[in-house]
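By written order: A, B, C, D and E. Residues from 1 in each chain.
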Amino acid sequence: MLEVKNLNVSYGKLQILWDVSMQIGNESVGLFGPNGAGKTTLINAILGIVRPISGEITLDGESLLKMETDKIIKHGIAVVPQDRELFPMMTVLENLRTGCAYIPRAKKKYKERLEYVFAMFPILKERLDQPAGSMSGGQQRMVSIARALMADPKVLILDEPSGGLQPSIVTEVFHGLKEIKKNVSVLVTEQNVRQALKAIDRGYILEDGKIAMADTAQNLAGNDHIRKSYLGI
Amino acid sequence: MRIKVFIVLLLAAFVTGLFFVAVPAQAAEPIKIGALLPLADATGKDGSRSMELAVKQINAKGGILGRQVQLIVIDDELKAEKAAAALDKLCTVDNVDFIVGGMASGITMALIPGMKKYGKVVVWAGAAYSGVEKAMEGQDWFFHLHAWDYQQGAYYEKGWAEVKQKYASFKRDKMFMAYEEGAFGSGSFKGQKVLAENGKYEVQGEAFKSAAMGGGDYRSVLRHAKEFNPDQFIWVGYDKDALPMMEQAKEIGFSPLTFVGSPPAWPVDFAKQPLNEGVLLYSYWADTMKNVSRASKTYSDAFHKEFKDTPTTYFGPLCYTNIMILADAIKKAGTIDKAAVIKALETTNYPSPLGDTFVFKKSNVIDHQANSWPKFMQWQKGKLEVIWPWEYATAKMIYPFPAWDKRGKASATIEGEKKAVPAKDAKKDKVKK
Amino acid sequence: MKYWKYLICAVLLIVAVSLPKFIGVYPLQMANIILIYMALALSWDMLLRTGQLSFGIAGFFGLGGYATMLTSTYFGFNPLLSLMAAAITAGLVAALVGYSVLRLRALYFAIVTLALGEIFRVIAQNLEITGGTEGMLLKQTMFKGDAASTYWVMLAIGVLTIIISIIFQKTRIHYASTSIRNDEIVAASSGVNIFKYLVIIFAVTSAIQGLVGGAYVQLYGFVEPTATTFSINFVLMPITMALLGGLYTTWGPVIGAVLLSVIAESLKLRIPYGHLLVYGIIMVVGILWFPGGIMGFIKKMFKISNQ
Amino acid sequence: MTILKTTGVTKQFGGLVALSDVNVEVNENEIVGIIGPNGSGKSTFTNVVAGVYLPTSGKIEFCGQDITQKTTHEKCHAGISRTFQLMRPLIGLNMIQNIMVGAMFGKGHSLKEARKRSAELCKFLDLENVERPISAMTALEIKKMEIARALATEPKLLFLDEVMAGLNKDETMEMINTVRKIHSRGMTIVIIEHVMRVIRELTQRVVVLEWGKVLCEGTYEKVSCDQRVITAYLGEEAEC
Amino acid sequence: MLIPCGQYKPARNSSIRFRDLITMINSILSKFKQKNFLIGFIIIIAAIILVAIYKPNVLFEGLQRSALYALIALPMALLLGIVDIVNLAHGEFMMVGAYFAYFMNVQFGMDPIVAVIPALFLFFLFGILVYYITFKHIIGKEPLSQLLLGFGVGLVLAEGITVIATNFPRKLGLDYVSSSATIGGFTFGTFEFVYVAATIIILVGLQLFLKKTDTGQAALAVGQNPRGAKIVGINVQWIYLLIFALSIALIGAIGPLFGTRYTIFPGVGDQYTLKSFILVAVGGMGSLNGVVLAALILGMAETLVLSSLQYGKWADIIYFALIIGFILYRSHQRQVK
């Protein structure tokens, strides 16, 4: 279980996150909010890329605060960042391998994970030797998700997974998400709220660096506030 | 605000700068001699140590004119602007009475304006490039102790002519000169071409990039030399080129009748190299000369006693000579007055550790030229032996140069050559074919 | 407050101009060396302000030196005229090669400028007219080597460089180069003709380097291609000084040049053998302690913001 | 009167077709919105029109002139100005200096004149404390500064590329007002946005891009009810 | 080249296997199917054959010279091309390595070729030390300060050696250095083929390391995208340290090979730093093969020009003009794209 408690984060004088608390158990959790609300900052804080000024982040009771990013990843958090962050000159297979090569637990299950990932994204199987940089945005996104899954994570963080994807693929991704959440905790930030709400169990709304609302997916879907802010309707 | 900080800093820097340079002049008790040498270079190291040795010896005998001699050596860093600044420091801050030293021609060129400005008596050990001489035309205070490039060339010709006279089988109708592409090498080749025209022998040359400048691959030059098939092969380069040049000549199987090198110095432990056997070179001095010259022995022993070391370049004895000539002249003049010292210097007659006796004469351009003459030397059994001029010869010449691939029996070849005079005739026939 | 600034500058200038009255020839000679390196460091920094890293300092320095030598030898130009010739030659050549070379960026530009310098050197070394490898001697150095006069010429060049640098910092060129350095696309979208400004700045800074090269020849009286005139020293030392002093400022390279020259000379006099070791250690320690250069350190210390 | 007209503009990156056969017209003094999902080619379109990329084929006419092959700064001089999706302040310069870059190089004003005009622009856009460095500015201020920098070139046509991104609700409102204010000065504006509210509030006409093609165009009301748009933009199972 | 569905490669151990070599050769061979590559390859081969007929020595000596350039440039290509660290003290480390071998020989009679092995280990440790003291603190900061730092470290190394061992040139005289062979009346030196062999060993070794080991892949990943590397669990600092130390170990171990053939002195490394720097830029950042190819072309061209009697002195110009032309051409290619 990933737990964030009373987290405060600032860049210099500018405070981005105010007293944010959230929990992710064996479920999939959505994190919504307009651009600049602090979603990415929260993710960066969990990953140890930004150091919070106060608060606590724990994974299964173990504090992640003092750890370097690579240690945190080794502890079982995997991330699909917003700008994919692939290794453009390396092939798809090599990219996938980097996903598990540095996590001893996952490395042993390399073959197994590969089968799992290919089952989810069959198209990747055909592109194994293509350099990742030469693929289209949607395919790159898939590689990025697949790479994160290779790590056999306890918690998977997806930062805007549908960005730049064609609707059919978005549907596929969220369909996959339902598959994934069966054995992994998922934290997903998304602008495509409507789609996301169908794939998640619970959601948090982040506004101006504060948790504005936390509820189940069903309740959120029926909430007028969300319709207005995100769908403009 | 920024400007304030800057000004404070700038002033601080300037003031510190001025303070350290403006070391207060001391009372003019000792006679001050300022020396400019490249201390990081082998020549500068030998030179500065020898100068210190000379001054120490002079002071031990009570100095000159009852005054102690103070030597101030400044590193010229082989940089023109630093050398010029060093000269200014010697002349204005240290207020030296005389200037000595010098090594590279290029650096000397940068010093000429300053030397002319101060007009102090300069007894200069270095600079062979005749361009320097032209710039010094008519300067009566300039005393030069190194042979000019054209003098060296002419002298070599004389030497080879004498060698040819003595050794009937000696042959030098075709020569190939491999020269480093800098001023030192290409200047030498230019001179050599003129000499060859006068001497009516064939010469070909090619430049190579010295290892000192990032080169070190001489094979294409050596191949051209091999194709040309010269009687004599000369390379003009630096100590860094010495051994690789020979190894690569061996590699392609190039062994001319005489293999000559003319670097200012040789690498450390060159004497221990098996390949050196029979290699000829031009130099002014070798430690073995202590066997034939008393002055050389005195110097060599004193140096060894003082530093537990042997000078590796002729700049050691040359710089020793430099100080001694000046000291003698001051003694003779009885004063440090410029005109008197110049007069006294003109009467110099100093038997130097280089073997030669230094007497100032007119050269092509300048009035005060005294120099030692280059000697032909040869590596024999790990020792540098003088083979010409005859009066300094410490050994006989091995001729022809023992081919690389027959080095296994190297010693046999040498002994055979020494004894077997008839063998020369056989070689002569062979060459004629 | 504003006038105070000008007053200080004026006083400094007067002090600098009247320096020969107070100090000896040797400090003046040192001042000349400082001014030479300062002008090179500053001109290098001026180009760097556009984000273009040049390793071609020695090339244009040497080009200017040869221009001075050739014009005074073959056409009998007087020293000042020959200095002008040096600046113009270097500037013109830079403008010409700039047309193809300035499309390159970063490391590629650096390497190509370095290669250009080497090409100038090889040409100078292999031509008859430039005296080949032996180089050439000037018949008579500037003002017959009079320390005060040569110092004034060097001071004029130094001050000119500082003034050009200040002009570059105060006019639209500052805006052009900063925007090019920060973000070329934004610059172009705001209407900056990037290529034009790069060519202008490259030509001007190269002209300064050529001018300094010319002055060097007039001071020391000779050109020699391999060891002196195109020496890699004239690339490494100015860059070192500018980096240690602080980039993108006028005073950073100035402070760097003064400080490093003074340190180098005083070390040499105190530690004749191995002074460069200490010098190297100072450089390493300097860069580790002041990664933003001395100016960066000062700004930090006094909490002076960018403006 | 048509101020900008693109005919068959196509842009390829290697094998990837980012824009294909895009025909868009912008009339004087209107606000046109360009919407579409991420990666649909909105920014590429801006980059092609404003000159960061040259189109692979097609023609761009601006005020009756063919500007297809002109470089970025020439297009700026012709009167097309733009802001950027991600904030791209010139960090070496302070607030007003950033704006002055536009005034000086876009319009060719002297330094003094540029400063004067930039100060006016700052006032117009409610930017205060104009000598602040970038590090001391908020996101909204930087965005406004970037708009001011674009305006300082005195363009005939202004591209606003996702100016609302990263702003909160109040800031978005303020920005909408700012855009209105600019428009009221007689500026033609093309606004690229994915916050639908902004499009609804500001634009008279909307062009929807998907996969580098124009999907449809018309008023917001018309477009927002188009089934294809809803599918493209909100995902498959959306209802209007 | 698509691998048919279902035939993706099965799990691999991180150890290198013979099969990997075959796949690598296969992937090289597959390049020949590309038209441009094939044409270029044929032109190069044809040029080499022509040269070999015209002047056989150019072929051998050019190959050896190119190999030396490539050999010295490879560790820099690893450091600069793969993980983006500029080390201007590159040549100085080689110089120190050469001195190490020299003194091992003089003191203990160790053959310099044998000294490569202890040098590899010692310089790895030395690299770690240097990294912790200096480079660690400026990675990710102002990139220009790397230049100055490298310059400073180089000066300290060169002057340190000067203080310890003076700056007199030194050279070991080993018999095998000047060994030669004769084929059909043409005599050529054989020792420098050590450089060819070493280049091939290092190139293949590095390629295998980068392609086939997880650590190598991590290095590539760090070079291509340090942020991305972090989020897959790579310890980026450790990779920087490792690659730095590896680069120093390699260049330190090349020192003895260099020193057997060339005279060594404290300033000997300067020129090679510059040459390597240029080769890495010309060969393309991140591409070890490109660096070797660039070394081959430049070394061959240089040797060819040197081998002509009259024009030998212009060899430098050819070298630098080629560099400029090549870089301009590449930038033009980039712009066309």
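Heads up, the rule we're going with is that contacts are C-beta pairs under 8 Å (C-beta built on N, C-alpha and C of every residue); 3 or more make two chains touch, one makes a residue touch a chain.
All of these numbers come straight from a predicted model, not from anything done at the bench.
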| query | Going by the contact rule set out at the top, which chains touch both subunit A and subunit D? | reply | none
| task | Give the chain pair, either B-C or C-D, that is connected by more C-beta contacts. | result | B-C
| Taking each chain's centre as the mean of its Cα atoms, which chain lies farthest from subunit C? | A
| query | If every chain is reduced to the average of its C-alpha atoms, which one ends up farthest from subunit E? | reply | D
| task | Calculate how many whole Å lie between the centre of subunit B and the centre of subunit D, each centre taken as the average of the chain's C-alpha atoms. | result | 75
| query | Measuring from the mean C-alpha position of subunit D to the mean C-alpha position of subunit E, what distance in angstrom results? | reply | 48
| How far is the middle of subunit A from the middle of subunit C, if each middle is the mean of its Cα atoms, in Å? | 52
| field | Between subunit A and subunit E, centroid-to-centroid distance (C-alpha), Å | value | 41
| query | What residues in subunit C touch two or more of the other chains? | reply | 125, 273, 276
| request: Return the residues of subunit D touching two or more other chains; collapse runs of consecutive numbers into ranges. | output: 14
| note | Among all residues of subunit B, those touching at least two other chains are 40, 181, 213
| Partner subunit E, residues of subunit B touching it in the complex | 40-42, 45, 181, 206-207, 209, 211-214, 216-217, 219-221, 223-224, 238-244, 246-248, 250-253, 265, 267-270, 272-275, 312, 404
| What part of subunit C is in contact with subunit B in the complex they form? | 5, 8-9, 12, 23-30, 32-33, 36, 125, 132-135, 137, 141, 144-147, 216, 219-222, 224, 226-228, 231, 233, 251, 254-255, 258-259, 262, 265-266, 268-269, 272-273, 275-276, 294, 298-299, 302, 304
| message | Please output the residues of subunit D touching subunit C within their complex, sorted ascending. | response | 50-52, 71-73, 76-77, 81-82, 84, 88, 90-94, 97, 100-102, 104-107, 111, 131, 133, 136, 149-150, 152-153
| Which positions of subunit A touch subunit E when the two form their complex? | 47, 49, 68-70, 73-74, 79, 81, 85-90, 93-94, 97-99, 101-103, 107, 110-111, 114, 118, 125-129, 147, 151
| Mind pulling up the subunit E residues that touch subunit B in the complex? | 57, 61, 65, 106, 162, 166-171, 173, 175, 177-180, 182, 187-189, 191, 261-263, 265, 267-268, 270-272, 274-275, 303, 306-307, 309, 312-313, 316
